[in-house]
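Presented below are the structures under discussion, each in the form of structure tokens.
One chain, chain A, links the two complexes that follow: it is found with chain B in the first and with chain C in the second.
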Partner chain A sequence: MIDFPAFGSAVGMLAGSPEAWIWVVPGLLIGLLFGALPGISVSMAMALVLPATLYMDFLPAIIFLTSVYTGAGFGGSIPAVLINIPGTSSAVATTFDGYPMARKGQHNEALGAALFASCIGVLVSYIVLFVLVQPLAEIVLRIGPYEMAAIGIWGMVLLGSIGGSTVAKGLFAAAIGVLCGTVGMNTAGYMRGDMGIPWLLDGVPTIPAMVGLLAASQLFALVNAKFIVEAEEHRTISLRRILDGGLMVLRHPLSQLRGTFVGIFIGAVPGIGSSIANLISYGEARRASKDPASFGKGNVEGVIAAESANSSSEGGSMATMLALGIPGGGATAILLAAFAMHNVVGGPRFMEQNRDIVYAIILSNFAQAFVLLVVGTGFVFIASTVVRLPLRYLIPSVLVMSTMGAFAIEGSIAGPITLFVFAVLGWLMSRYGFPVAAIVVGLLLGRLIETELLRAWQLAGGDPLYILEHPVAVGILVLMVVSLVLSVRRDVRRRRAQRAEA
Partner chain B sequence: METTVRRHIAWAPLLLVTALSGVALAFLLEARGVSLDPQNLLLLQPTAWLVLLLWAVLAWGFLRARAPAGPAGESRADILRILAMVAAFGGFILALEPLGYDVAICGFALVGLAIGGERKPLALLLFPPLFSLGVVHGFRLLVPYPFPTSLL
Partner chain C sequence: MTQDSIAMPRRRALLLATAGAVLAAPSIGRAQGFPERPITLLVPFATGGYNDRLARSMAPFLQKHLGQPVTVMNRPGGGTVLGNTFYMQQPDDGYMVMVHSAGPYIPLSILTRNARYKADDFHMINLPSRDLTMAACASSKDIRSIDDVVARLKADPRSLSLGVQPASADLINMALFLQAHGIDRSKVRVVTYDGGGPARTATAGGHVDVGFVGGEGFLPIKDRIRPLMLFSDEAWSEYPGVTLLSDHAKANNFAPQSVDGSQRGFVVLKRFVEAQPERYRILLQGIERATKDPECVSTLGNQQLSTTWYGPEASNRAYLSSAALMERYADLLKRT
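This part shows the complex of A and B:
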């Protein structure tokens, strides 16, 4: 599985080219900064720096871009923890427990855990990529629409009752999210729910809606508070506590490993990527936990599960890109564009003929994971000062920044309008105990599930029993039903216990 | 000893789920009006049915609520302050294009500060224009699309 002569050549290539290394720290810093800005996605950050790589050699250019990728992958978790805004769509699940931890004054620990989980996730995913790049890519090729739809539905059901007071409220919120996700033209060409608004033909703008639901709605609820962290003694910024957060990751190796492998696998599937991986990993961690009720209230395992998955999905998507030449998402598409700019064609032939370069890229990513640990700690230390800012300044400032981010994504007023509508919806729903995160999940997965179900329907010619020829999809669906039954049973038991106490 | 639990109707959440279910029903009817082809309704129709079914379950619960809806310990003034911020944010979004992003940002920052309880005149005078200046110039560097401004 490992080509040792090529490996030796890769080590020699990296050792003899200092210009490949000087771009790692700037790349990570750019990624961290852009990832932390709401509305600037990983792919947007990479697109912004892509022209600068034209005058670099091929290897330094790719190392620079992958550094931006790695930095932005973690950068998104910083606003997710501190102000409940996922800097990127891959940090949605980080908000579920990261922000409640920050509200309790555990922002240092939450950010430390997110950083360490990300670094370990990146490292393990590239180790897996190093050993299993070819077999992983072959498995990915066997995944069809049935399996993709089943993965989407799996994520939906796992997350249906996040933080909500009852399963009914969770499912209601998730179903509303799915309906929002089906607005506009579907892949069969039918237009529904667009209300004659041209920009709704492409569907509800996901990122502005997500920021509105998660962040703006929470900011409204905070209008009467003075600081994000109420107790003054908890507003400290401490390097020791950031490192303590890192140690928490080592105390929960199962959550870390589960998240990492979910991330690698889901990240490798083209079209799904890190924005889904973090949700599925979070849902799995919650399902497997002995204390699922603590999730959504500041359980560090939730942060670890989300961050390990979104970071490790980088390695997964790189596997598909390097071995097959198929970009799993926007970021790997930009990497392929960088390949093309240097007259290199990605795909199986590149992998076969330039295995030493592939290994050099993988090895440099091992180093990036360690450098991110140092650079990220410094960045987190500075970013944490947000908890010391009075909310009377923070609320209007963050609402304005979110609005500008929403505009930046859509390039029109459609983004800000969507942000406002979903902010009000999110505020009302969270006020009455509906899990807003479930709407976000429904919105993110609704379109994916519909697209894949349609493909499956077309392949099967409308025969629902055709699914029986896809045992993996059936297995996932059975798991989903079992998970739902367990959730309902847990809900009924809890309500009975509450009644008995009353 | 048996204690009696006082029940009442939780109007606000009942109205919310009813409004959302109404929108879901309208969406379903509109989609059915477009086409009855399964390729149009494959996910939408069962999801809309699920929403309506869950509305019945939730509405039954809200008609027999045990505790008042909404966060505990919230005064009328607290709710009014939140509603003022929601209204100010809505006004800001509506003002972006007609007034220009710079003026709208400056105005919203000022109103937002006032709603949040800032009363120092110097802060109210300096923060909004400086913040608008930073945001407008920062986003001009980052965002490839032009956005209308009146002064900057």
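This part shows the complex of A and C:
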């Protein structure tokens, strides 16, 4: 499947052109910075630098943009770990364990693990892309409403009651999230719950809502604390401990690989992308773990699972973009726009006629994964000085930044208003012991499940047995039930053993 | 009372005179000076779509012919309601021009989303791009032709699933087509997608049997689909030999009825045209010159962006007639 002459010419193209390299580090830095700012998404960062690429040659332009893509993919996890606010929507699951780790004083390890998991995720996903562009794109294109609905339900089952003191409270919170997620016009064109407010036509703005929920629930919990990390001796910033965190990734290869493959396939599905993949991967890691109770309390495996999935979705969505010309999300849509700006039409024909350029892009991304390791370590090192900042300065800054980010992403006051409303909701929920994370999961997955189930129903014309024509979906659901039964049995046994010991 | 009644007109007259003087003097200077600051192209869609690409590619040429920097602003959401409403709130100074799929989005947003503006609040400067609804299936499907589709649906309305966007021109075309063949739409398995992109992906991926969606977006993935019919009476050079609705209708003895899938281009407010005729003329001239600029024609042509100049008269006529058609078929949109 590898076209060796084209590969050779791709190597030559990269080796002979310093211009293809000078943009990698600036691109990664821009990506890291914008990714780390709450409210600025990966695609916004890329849209901001898009005009600059007009003055570059085609290959350097695309390499620059993919560097921003790669950098922003990881950048989002930095505030997720340090202040519980995901910098991008794909870093939600990183907050679940990353922030508890930071509060325990393990911010170095958490960021190191996130960084290594991201780099390995990017690398593996591009290797898969390199070998299997065409088949990967074909598989992703075949994932239809039934398969997506099954994946969404799986995620919901795994994470529905996440973080709750009781299952009932978790489910209640998730239901609120799902309800909020269904506001706006559904895929069949019906308006629900918009209360005549035009800003709600497309539903509750997800990112401001999410930031509001997560930030508020945590910031209020910090009211009496002076620093994010309570113990002064843990407030260190240590390169060694960041690298230690990286080593943790190598000690959990299974979480890493599972996350990577979830990311490649689910993250690549057009329109849904990486914001779902990290949740599914996290949920799976938690289910498969010997000690699921430790998740949400600072288990490094949770960080690894989330970060490996959100970064590997880059390779997956590049596959559909390169092989089919279908942008999987905002970021690849901007890459296609950059193609167009250089008078290149992306899609199958481009792949066939310019294999060498495609290979050069992929090879450059291999390199980007390694460069990110170095640049990211430096960036993380500087960013973690946040833990030394007294909260009385940090909290107001975070609030101002989040509000500005919410304004930027919506382009109107609707963003800050959403942030405020959901901050109040988040505070109320956490005040009474309802898990905020479950609302976020409901918000993100609820809309997906509703849309896909509705389409599945339309496809079936109301015939429930029609699902039998979609063996993959049935397979996913069967797997889900089997794995649930197994983990329930394991839990029951463990509890019995504990009781026997006692 | 009397004093007042005398004082009022006097004061008013004075006010009018000063206002007139203030307005008249600089307006001459301003008209010559217009535009004296950057011009914004407002796109009511997210980055990466046709309108966004059109705006960004035209910007350098507009800059050249208007003599001021031209920037692009995206304000997506609510099926263009948010962008349109925002535009209605801007001052009538000519510094913001929309690049819009005016037809069908403006009339559709009025009919299906209760937007508060009217179709004729907007004035078309030029709508170079006209997209058509195309019926297509994945190339792996065993559907050979549009007649095949009709035959199968007539035999069993549930035999094929059809993918379409709700509240779209495509839906109107699909509904009229099924109606003409006497196929009961409520029995057909219609699957709805919120956007042309998802509908095309579903068609190319074979999730639905036949997709009814704008043909232009299919161009990059032309090899993966089989075009079945174009909802038009004119052949399209990109899709040679594809059945046209007009021919299909003649062969099947019904009157062909369809609306344009998309009419995209430069849009301003009617209010602005009436209030600032001089500035409007300058904008019109700039856009016309940029559109006809040979360099622009070739650059945009390479990106499969259209640069046909129809002018305001033809563009408004096309836009208003399609808006009227949509209003006529509004009830078709309301049940999906």
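Some observations on this one:
What we mean here is this: the second predicted complex is superposed on the first by the 478 of 502 C-alpha atoms of A that agree within 3 Å, B and C clash if a C-alpha of one lies under 4 Å from a C-alpha of the other, contacts with A are read in each partner's own complex, and residues count from 1 in each chain.
We adopt the following convention: a residue touches a chain if its C-beta (ideal position, glycine included) is under 8 Å from a C-beta of that chain, and two chains touch if they have at least 3 such contacts.
Quick caveat: nothing in here was measured; it's all calculated off a predicted structure.
Partners chain B and chain C fit side by side in the overlay (superposition on chain A). By the document's definition of touching, of the two partners only chain B reaches A:396; chain C does not.
Of the two partner chains, chain C is the only one that A:461 touches; chain B does not reach it. In the overlay built on the shared chain, the residue A:413 is in contact with chain B alone; chain C does not reach it. Looking at the shared chain after the overlay, A:201 reaches chain C, while chain B stays out of its contact range. Of the two partner chains, chain C is the only one that A:343 touches; chain B does not reach it.
When both complexes are overlaid on chain A, the residue A:142 reaches chain C alone and has no touch with chain B. With chain A as vertex, the superposed Cα centres of chain B and chain C define an angle of 90 degrees, given in steps of 10.
When the two complexes are overlaid on their common chain A, residue A:185 makes contact with chain C while staying clear of chain B. Counting the residues of chain A touched by each of chain B and chain C gives the higher count for B.
Following the chain A superposition, chain B and chain C show a smallest Cα-Cα distance of 7 angstrom.
Across the superposed pair, chain B and chain C both touch chain A at residues 186, 188, 191, 411-412, 454, 458. Chain B meets chain A in the complex at residues 3, 5, 10, 12-13, 16-17, 20, 24, 27, 30-31, 34-35, 37-40, 42-44, 47-48, 50-51, 54-55, 57-58, 61, 66, 69-71, 74, 78, 81-82, 85-86, 89-90, 92-93, 96-97, 101, 105, 108-109, 111-113, 115-118, 127, 131, 135, 139, 142-145, 147. Against chain A, in their complex, chain C makes its touches with residues 46-49, 52-53, 56-57, 74-75, 77-79, 81-82, 85-86, 112-113, 115, 158, 161, 166-167, 189-195, 197-198, 200-202, 204-208, 219-221, 223-224, 299, 302-304, 333, 336. Interface residues of chain A facing chain C in the complex, by the touch rule stated above, are 43, 47, 50, 141-145, 185-189, 191, 198-199, 201-202, 270-271, 324-327, 330, 333-334, 336-337, 340-341, 343, 345-349, 411-412, 451, 454-455, 458-461. For chain A in complex with chain B, the touching residues are 37, 40, 48, 166, 168-169, 171-172, 175-176, 178-179, 182-183, 186, 188, 190-193, 216, 219-221, 223-224, 390-393, 395-397, 399-401, 403-404, 407-408, 411-413, 416-417, 419-420, 423-424, 427-429, 431-433, 446, 449-450, 453-454, 457-458, 462, 502.
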